[in-house]
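Look at the two complexes coming up: chain A is in both, with chain B in one and chain C in the other.
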Partner chain A sequence: MQELIRRYGISLSVMMAAMTAFWLLALVVIPNLVLFKFSFRLYLPVDQLGGPNDVYTLKNYVTFFNSPIHINVFFLTILYSSLVTIICLAITYPLAYILAKVLKPTDTATFFLVLLIPLWVSEILRSFAWFIILSMQGPLNAILTGIGLIDKPIRWISGFQSVVIGLVYAYILFMLFPIYNAIQALDTNQIEASQDLGASTWRTHWRVVIPHAKPGIASGCVMVFMLCAGSVVVPTTLASTNSRWFTEIIQQWMFEGLDWNVGSAYAFLLLALCILFVSLVMRVLNVRLVDIAK
Partner chain B sequence: MSEDVHLSQICMDFGSFRAVNNVEVTIKPGEFFSFLGPSGCGKTTILRLISGFMEPTQGAVKIGGKDMKGIRPNARPTALIFQNLALFPLMPVWENITFGLEVRGVSKEIRRAKAEELLQLVDLHDSADKRVSQLSGGQKQRVAIARALAVEPKVMLLDEPLSALDLKLRQHMRAELRAIQKRTGVTFIYITHDQGEALAMSDRVGVMSQGVLQQVATPQEIYNNPVNGFVASFVGENNVIAGKVTSVSGGMAQFETAKGSFQAKLGAAVGMGDEAKLFVRPEFCSLRPANEAKVNSIPVEVTEIAFEGNFVNVFVRDQAGDTHMVQVQNDPSVPPPAPHTACQMVFNPESCMILSEAATSRHGH
Partner chain C sequence: MNSQTFAKITMRVYLALFLAYMLLPLAIMGGAGLNNTRFPSVYPWVGITDRWFIDLWNDQRMWGSVRNTTWVALAVVFISVPIGTAAAILLNSVKPKVRSFLYGFMVAPILTPGAVIGISTLLFWNSFGVSAGLYLSVLGQVSFVAAYVMLLVLARLQSFDPGLEEAALDLGASHGQVIRRILVPHLYPAIGAGAIIAFFQSVENFNVTLFTRGNSDTLTVYVGSKIRSGITPTINALALLLIVVTVICAVTYEVLRRRAEKRAAALVVAED
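Now for the complex of A and B:
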């Protein structure tokens, strides 16, 4: 803070601090606290508000645990979010390594620009683009049949297939950047030292590059997983008849059932259970939170 | 145990820039060989060519008679010690040391024992389980050496490994490296820009300038009989006088300059009538009374005296205003002449040389 004041002067520093505080309080903390309070109240007709039935209760949360369908959707959401995370990691790690250590820095800059431009287009448009690409008479099937890889068009938009593809596309850069940064920070001499001592490429990655990149990998995975589990646009745009996402249920409670109380209870359950899941995985993989924050 | 390394006419180009130009040298098995040259002359490039991180544009690297073309670094019988050591910070010391054995599938018990043994060899006890970050500069150095020795390389490549250490430790590690090399019998190829290091440690030294190997010889030979002006002035101090060769007889020549006529040994690449330079080292010069007639003498006046401890540097100026240096042993019974004394700087014809400039290519193109 003193450093900040020294560098930017008192008024600018206070303004920056105030804006950060506003961002955190007004846009994040307070709305969430309000929703958090909602989640412990019942959805009552207006005339009963303040009456004997208007009490704090866990009923909204119990609703979830009494609904096998919702529990099932929750697990599917976790499962497919994990799958998206793993696919993103599998694509991104080699890519990040090539960008950080194989290509010349000038080429890397161009590459990143090309990767970033699609981010300027809104998520809903990008999802819809995939809807078109993946449709039965869409360009993907046309190309695949055209080059003779498949005989008849594949129904891409079925099960969770299209949702997974869409989510991978939507969030892959959130995996790429932290891993790229982590690998870039690795001294190239270490990679060469490993090779010089006789290690194969695979072994060098396993023992030198991946351990070094672990915080980046972990932070990318957490980010992608949380974004997937909380995503609304992609799972609704690219949904098939039998792919339900947990956020869609929350949306149903809130906007179709107009029951904000159960809706927020579900939202907090999703948050809490995802955090629990992520911490479990981190425990198993032996990653600490401080590593991720680096 | 150890192998010879033959660099056969190697060139290395980066785009249109030739970093290594026609280097031809054979390093003998078990030899301590140094490449010595200023920063940017291509030393690291040569090491990377030998270790396999680069392939030469022309020529071949042969180790033990075998052409290394297409053989990747992890399959070459070399071990490289990097300029910044490149220890693995996330592994404890012992895993660092035995990393090369780990990748060869050696069991943990054997590796652990080997690590202890190597730690003894490099005189680093009780550090097996420490983190790399807990070690001092000198200790890291030893771990890097142990890590390279663990894979039992035929050839050890060292890229200015002592440059990050302070003077005292550097001198200590010189002796230590030399001892380890003798004990293990491995061929050491050492690169440095520090002439003291190269002269003190090496069996032979290759002096480089701008990608060209200028001279390969023993340290004594390099110092006493440099083949050209670059080698003479890069290794040790010199007084330099420009002039022309006027007569030649045997290995000696008469050299005509603006400061008078001198007799001197004739360098390799110089002949009758050539414009060249006379090089004479300060410790081979002495000061005599002004009126004494002598061969190879220049009338001078003492300008400054720098006392260095075991010797004294006397700076003198000749009549043309050029400064020369005369180095005399510190002897309280014979003090050096005081400033402003007029005297003669004299030197023996046997201890000065007429040399040309640096070679730009050893093969004349």
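Now for the complex of A and C:
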């Protein structure tokens, strides 16, 4: 702080500190504390506010733990978000390696330029695209029946399959970019040395490339899991009645139940899940927060 | 065929398949905006029509949502760019312990689901009697967009030589001049990139906006409600327009980049 004042003077330093404080306190920390506090209060009519019923209670969380349906949806959301994360990792790791170490740099630049197009189209339109493709009379069924692979159209938009397809498509680039950045920073000589010393392709990846790519893998996994578990758009577009997502239940409390207190308890559970996942990934892959958020 | 050519071909095919996977859905969605069927699809192909574009043009609600989106995005840029820049400069000049502590809080909003940011923003400002509306959407979006700007500026600061500031101060420059003439010009690329990312993040945002918007529409919320309340190909027409704009931006960017590269190469040759 003294360093800051010495360089930029007292008034400019105070201004910068004030802007940072406004951001961190008024937009990040205190709103989350308010959310936390709200989740322990009851939704009361105005005339009961401050009365004997206006107390701190665990009731909103009890609502969750007493509802087998909500618990079920919560765990299915975790399960399918993990599945999407694994699929994205499996598809993008070879891709990132080819782009970083095999392709000519100019070709890689062109490749990424083309990828800007799906990245800039909003996620709601990207999941809508899959709604069209997967619909009963849609192009996918037309092609599959056309080439004789199936006899009659398949109902794709049912269960979690369409949600998983949509989520992978919507968030796969958030896995590709960090892993590419990590592998790109690896000295190619190390890969060649490993090969010259007789290591197989698998062994080279396992012992040289993957350890170096770990921060990128961690970053990609955290982003994709968080975006999936918190996704509102993809499940509303592509889910059916037998596949509900945890964010849909939060929306129900906020907009239909109009019970913001239970809603904030559910939102806090989602936040806790994401914090847990971040710390799990940091522990398992042995990386720091600085490596994840770049 | 030896194994190396085989590996090379496999890789090419894999890259091509991935590009097709990323682009074909967009082509299908955009194409459906031109097809003359009531339900958006490219199959069966009935014939080219411009009726969905005309319907879109006449939709007052769409125009209102475009206006709102633009205002919100500009506000987010004007608030989050100075905040993110100030935070990065601050972070760069505090002790390592304070630094990692502050850093944790600053990147937390990136790792927080949008729904949680939206609800917490709504509850916080509500306790001051501010009800939901687009200004809350702006504040909610700033909370994570500022983090992106901070990361970009922080990366750029790593290549900054603090000796330049020392020299300027020794030669009698004021603190304001040090910032205006030395620090900020060095940060321009990061600030520019931050502004562009802030704008697009805001335009694309759905989750934070959904919980904070009150009764107002933004473009993504408009599309969302259209998809839920009865699908017509007007959404596909809108999507096609957005994709065309994106392609134009990407091509312009590439042409400018190649031209700059050529100029740089020519300069090197001239110097030799």
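One rule holds in what follows: the second predicted complex is superposed on the first by the 244 of 294 C-alpha atoms of A that agree within 3 Å, B and C clash if a C-alpha of one lies under 4 Å from a C-alpha of the other, contacts with A are read in each partner's own complex, and residues count from 1 in each chain.
Everything that follows uses one rule, which is that contacts are C-beta pairs under 8 Å (C-beta built on N, C-alpha and C of every residue); 3 or more make two chains touch, one makes a residue touch a chain.
Since this is a predicted model, take the numbers as computed values, not measurements.
Colleague: In the overlay, answer first, second, both or neither for which of chain B and chain C A:Ala90 touches.
Modeller: Touch partners of A:Ala90: none, neither chain B nor chain C.
Colleague: Considering only touches as defined above, state whether A:Glu192 meets chain B (first), chain C (second), both or neither.
Modeller: In the superposition, A:Glu192 touches chain B alone.
Colleague: Output check: A:Met15 vs chain B and chain C. Expected answer is one of first, second, both, neither. What do you get?
Modeller: A:Met15: touches chain C, not chain B.
Colleague: Which of the two partners, first being chain B and second being chain C, lies in contact with A:Leu116: first, second, both, or neither?
Modeller: Only chain C is touched by A:Leu116; chain B is not.
Colleague: Which touches a greater number of chain A residues, chain B or chain C?
Modeller: With both complexes superposed on chain A, more residues of chain A are touched by C.
Colleague: Just to be sure I read the superposition right, which of the two partners does A:Pro211 touch: chain B = first, chain C = second, or both, or neither?
Modeller: first
Colleague: I'd like to know which partner A:Ser200 touches here: chain B for first, chain C for second, both or neither.
Modeller: Once the two structures are laid over each other on A, A:Ser200 reaches chain B alone.
Colleague: Would you check which partner chain A:Val55 touches, where first means chain B only, second means chain C only, and both and neither mean what they say?
Modeller: It touches nothing on chain B or chain C.
Colleague: Can you list the residues of chain A that meet both chain B and chain C?
Modeller: none
Colleague: Could you list, by residue number, the parts of chain A that touch chain C in their complex?
Modeller: 1, 3-4, 7-9, 11-12, 15-17, 19-20, 22-24, 26-32, 34-35, 38, 91, 94-95, 98-99, 102-103, 110-111, 113-118, 120-126, 128-133, 135, 137-139, 142, 169, 173, 222-223, 226-227, 229-233, 236-237, 247, 250-251, 254, 260, 263-264, 267-268, 270-271, 274, 278, 289-290, 292-294
Colleague: Would you tell me which residues of chain B are touching chain A in their complex?
Modeller: Against chain A, the touching part of chain B is residues 51, 53, 72-75, 78-80, 82, 84, 86-88, 90-91, 99-100, 102-104, 147-148, 151.
Colleague: For the complex, which residues does chain C have touching chain A?
Modeller: Against chain A, the touching part of chain C is residues 11, 14-15, 18-19, 21-23, 25-26, 28-29, 32, 39-43, 82-83, 86-87, 89-90, 93-94, 100, 102-117, 119-124, 127, 139-140, 142-143, 146-147, 151, 155, 162, 165, 169, 174-176, 178-179, 200, 203-204, 206-207, 210-211, 220, 223-224, 227-228, 235-236, 239, 242-243, 246-247, 249-250, 253-254.
Colleague: How about chain A: which of its residues touch chain B in the complex?
Modeller: Where chain A meets chain B, its residues are 187, 189-190, 192-200, 203, 207-208, 211-212.
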